[in-house]
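Structures for review follow.
The two complexes that follow have chain A in common; it is paired with chain B in the first and with chain C in the second.
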Partner chain A sequence: MPIIETKDLTHVYLTGTPYEKKALDKVSISINQGEFVGIIGGNGSGKSTLIQHFNGLLLPTSGSVLVGGEDTSVKRYSKELWKKVGLVFQFPEQQIFKSTVFEEVAYGLKNMGMNLPEIKNRVEETLAQVGLNPREVAHLSPLSLSGGTRRQVAIASIMAMRPAVLVLDEPTAGLDPSGCNHVIKAIKEMQQEYNTTVVMISHYVSQLILLVDKLVILEQGRLMAWGNKREVIQHMNSHNLSDLILPDYLRLMHHLADYGYQVNTGIFSVEEAAREIGRILKESHL
Partner chain B sequence: MPRLYLKRGSRVNEKIELFNVTKTYQRAGSLVYALNNISLTIPRGQFVGIVGMNGSGKTTLARLLNGLILPSSGEVLVNGLDTTDPRYRKDIRRLVGMVFQNPDNQIINPIVEEEVAFAAQNLHLSALEVSRRVTWALQAVGLTDLRHHAPHLLSGGQKQRLAVAAALAMCPAYLVLDEPTSMLDQSGRRELIACLGELRRDHGITIIMITHSMEEVAPADRLIVLHQGTIHLDGPPWEVFSSPDFEYIGMTPPPIARLTNILIGQEHKINKRIVTFEQMVEFLCP
Partner chain C sequence: MKGMITGQYINGDSIIHRLDPRTKLLGCFAIIIAAAWPGQQIPILLFNIGFILLIIYLSQVGVVRVLRGLRTLRMLFLLTFICQVFFTPGDSIWNWGGIAVSRQGIYLGITTFLRLVILYLGSSLLTMTTSTLKLTEGLESLLSPLNYFRFPVHQSAMIINISLRFVPTIIEEAEVITRAQKSRGARFDSGPLALRLKTVLALMIPLLAATLQRATDLALAMESRCYAGGQSYSRESSMVFTWKDGIALGILVTIFLLPVWYGYVN
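Moving on, here comes the complex of A and B:
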């Protein structure tokens, strides 16, 4: 049984007003436990709207969303959803409100009814997981930390609850390369260690496609492609709009294929691209 | 264009100069060097990229350029005007426009054209001059058709171009952008970068852009890499990207420069200056 399943999910904002906007249009996907799913699409393609359905923050205008087999629009289940699905918003550090790092990460755990020694263990464990030294940072005010570290704390506060599904909206936006690596490493480790399902939105497509198993591509609320990443990437062609969201080396492969070169467009890394181009250079004696 | 003052030499000195600039902060009782003895000249008309890890001093440098903050020691001169001299402050702010990370934090008016006019109105210009500048600025960023729209209904890329237009209405000689694309998707990014390229080409405006994305600064004339408050590398992008010192501090060149580097390493005959998608396409698909 898939952990998340959407069936013809449609969401319309401001229904019946001049500003009415269909943000999602009959989106059907299913995600299994332990999978790492990447969502890509331009601004306004419906990515954030989609993930807010996963923990019941938004309910479908039509169609349905099942989490662990239960319909999110049924009140009885929706109350428990926050424990099952942890949602990390864009720029989560802006939502930090406790006065120390410890309290911030402990907040959700207290609400779950854990006792103090358990909470203490869990907080320390999670801070270490996201790449922070609990002894150094636990007592500090979040405001005294750099932006990147604050982001790590905000993500830790969701991870600490060990949700079955971790949903992240642009977790690396605005971070420097080392901050990015810490955050990505923590997410990947959590997925592997606890078989957590991870759903992640990112504009850094070249980074995302190295991480994920499956890809969802949205464009103006419609599902453009969905499935195993290799298939999805191979079948995107440079003429459709999706070209705009591909990293340069993949755009280049598609471009070369269009130009008439025999190249493999189902690749994920610069190294693979270099191999393809090296071959072209040798064959064509450029 | 605004009046220009003379300080050194008899001709107008169109450049930004930093002489032995140090900026320190107090943090938790100890002195932190955000910038340590930096000297730098940026001539009018260049496209300069500034990159580096978080905490390397990028934002501090940007804010020094228009006197938003003042050096702890050393001198910052804009067209020969010292930023510490209060008599020149207004002129310096007019000469050096700033655009920040999140356009939502800087947009304050309910209508696009009012937002662009706002800063210019504060210069006590005639209504005719203001409207002339608004028309020019909106055209320069390609937002003419949206001039009567509400900013909050624009896309991320459009909002950031609006922030650029608002800065342009001051007729700046220099435009400093601090991570202007971090909230934008891939197409918003390409749209903004193309717009900045045109501003430099058609209007001779100096572009100084801070970013974490190497793809965005690959087309720059010059790339400055900051590391721990000092200038680590300074040169044309291809030179910086192929330097071992660049990767040594944890930076990664953009995909196309990496491709070029790998291919050169394998002794393929390829122009070492290729760092952008367009350059690579031109080389492979002549």
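Moving on, here comes the complex of A and C:
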């Protein structure tokens, strides 16, 4: 049974006003336990709207969303959904409000009703997980930290709750490469260690492709492609999708295929692309 | 955003939209005087409401939508009505264990309700048909005589402009933070009051921090584009007071202030 399943999910903002806008149009996907799913799409394609349906913050205008087999529109169920589905918003460091890093990470755990010794263990464990030294940072004020470290703290505050599903909205946007690596590593580790389902929005497609199992591609609220990443990338052709979202080496592969070369378009990394090009050069005796 | 804010500007090109903002400001002022003037009779207040609804109809912003906005104020209406009914001394028509309802009380309750409706409709009409930029432009122009008394008119208008401009932005931000804290189990709408008040901190602290940061950024951005405020500041388009504005203002003043003047004389 899939852990998240949407059926014809449609969401309309500001219904019945002059500013009415259809953000999602009949999106049907299903995500299994333990999978790593990447969501890509341009600005205003409905990515953020989609993920807020996963923990019941938004409810479908029509269609349905099932999490763990239950409908999120049932109020009794959606109220408790935050424990199951951890949602990291864009720029989560802007939601920090406690006076120490420890309290900030402990906030969700306290709301879950966990007792203090347990909270203490969990906070330390999670801080270490995201690449911070608990003994150094736990007692500091979040305001004294750099932007990147604050982001790590904010992500830790969701991860600490050990949700079955971890949903992240551009967790690495605006981070320097080292901060970026810490965050990605922590997410990957959590997925492997606890069999957590991860759903992640990112504009860094070349990085995302290497991480995920499945891909969702949205364009103006419509589902353009969905499935295993190899199939999605292989069948993406440069005509029906805006080239912008693909990294340049993948675009090159698709263009070569368009020119009639027998090139494998289902690749993910620069290295693979380089090997493909080498092979074509050899075969065509150039 | 969940819904539209009551009185939010709606883009349009109706007769009312095209009026000079000064006309609309002065007209709104006339409406406020009419609503606040003591001793206005119920028929006149009802007539005022009807007339404002007619203007709203002409402005094409949707009469139903504006009326629906009244619902958000229902608690205020109810509370003022109850206060007026029970706390106005007069000829008692109903006495029940020391709690008396007077004829005057009921009359005052109804007129107060109608006055509030007029205030709401009049101000909604102004803000729904006038963009914040035009609004402050008009305000600045109307207040410009105060410059002789060294009152910082331009700066005040700019302050009003900026605050109005950022209301939707801050509301949107508050919604995002609320959702983010809900995702960590914050309960804004249930639980004991003390806990809920504590939860509000989880919204207020990040919101205040973000707003201060935004203010600093905005000031810096304005300064780096050489904004200094004051006299040497021109606008892209200047306002023109046409004969249409004259007629509109004439009608508004006649409709709303004639009864006031009549009541004053008699």
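In the analysis below, the second predicted complex is superposed on the first by the 281 of 286 C-alpha atoms of A that agree within 3 Å, B and C clash if a C-alpha of one lies under 4 Å from a C-alpha of the other, contacts with A are read in each partner's own complex, and residues count from 1 in each chain.
The rule is short, and it goes like this: a contact is a pair of C-beta atoms (placed from the backbone, for glycine too) under 8 Å apart; a residue touches a chain by one contact, two chains touch by 3 or more.
What you are looking at is a predicted structure, and each value in this text was computed from that prediction instead of being measured.
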{"item": "Partner chain in contact with A:216 - chain B first, chain C second, else both or neither", "value": "neither"}
{"item": "First, second, both or neither for A:18, with chain B first and chain C second", "value": "second"}
{"item": "Which of chain B and chain C A:198 touches, first, second, both or neither", "value": "neither"}
{"item": "Chain B versus chain C as contact partner of A:67, first or second or both or neither", "value": "neither"}
{"item": "Dominant contact partner of chain A by residue count, chain C or chain B", "value": "B"}
{"item": "First, second, both or neither for A:107, with chain B first and chain C second", "value": "second"}
{"item": "Shared chain A contacts, counted only where both chain B and chain C touch the same residue", "value": "none"}
{"item": "Chain C residues within the chain A interface of the complex", "value": "1, 3-4, 10-11, 65, 176-177, 179-187, 201-202, 205-206, 209-210"}
{"item": "Residues on chain A engaged by chain C in the complex (per definition of touch)", "value": "13-14, 17-19, 52, 55, 57, 82-83, 86-87, 89, 92, 94-97, 107-108, 111-112, 157-158, 161"}
{"item": "In the complex, chain B residues that touch chain A", "value": "28, 52-55, 101, 155-157, 179, 182-188, 190, 212, 215, 250-252, 254-256, 258-259, 262-263, 266, 268-270, 276-277, 280-281, 283-285"}
{"item": "Chain A to chain B touching residues, read off their complex", "value": "41-44, 144, 146-148, 173-179, 203, 205-206, 244-249, 251-252, 255-256, 259, 261, 270-271, 273-274, 277-278, 280-282, 286"}
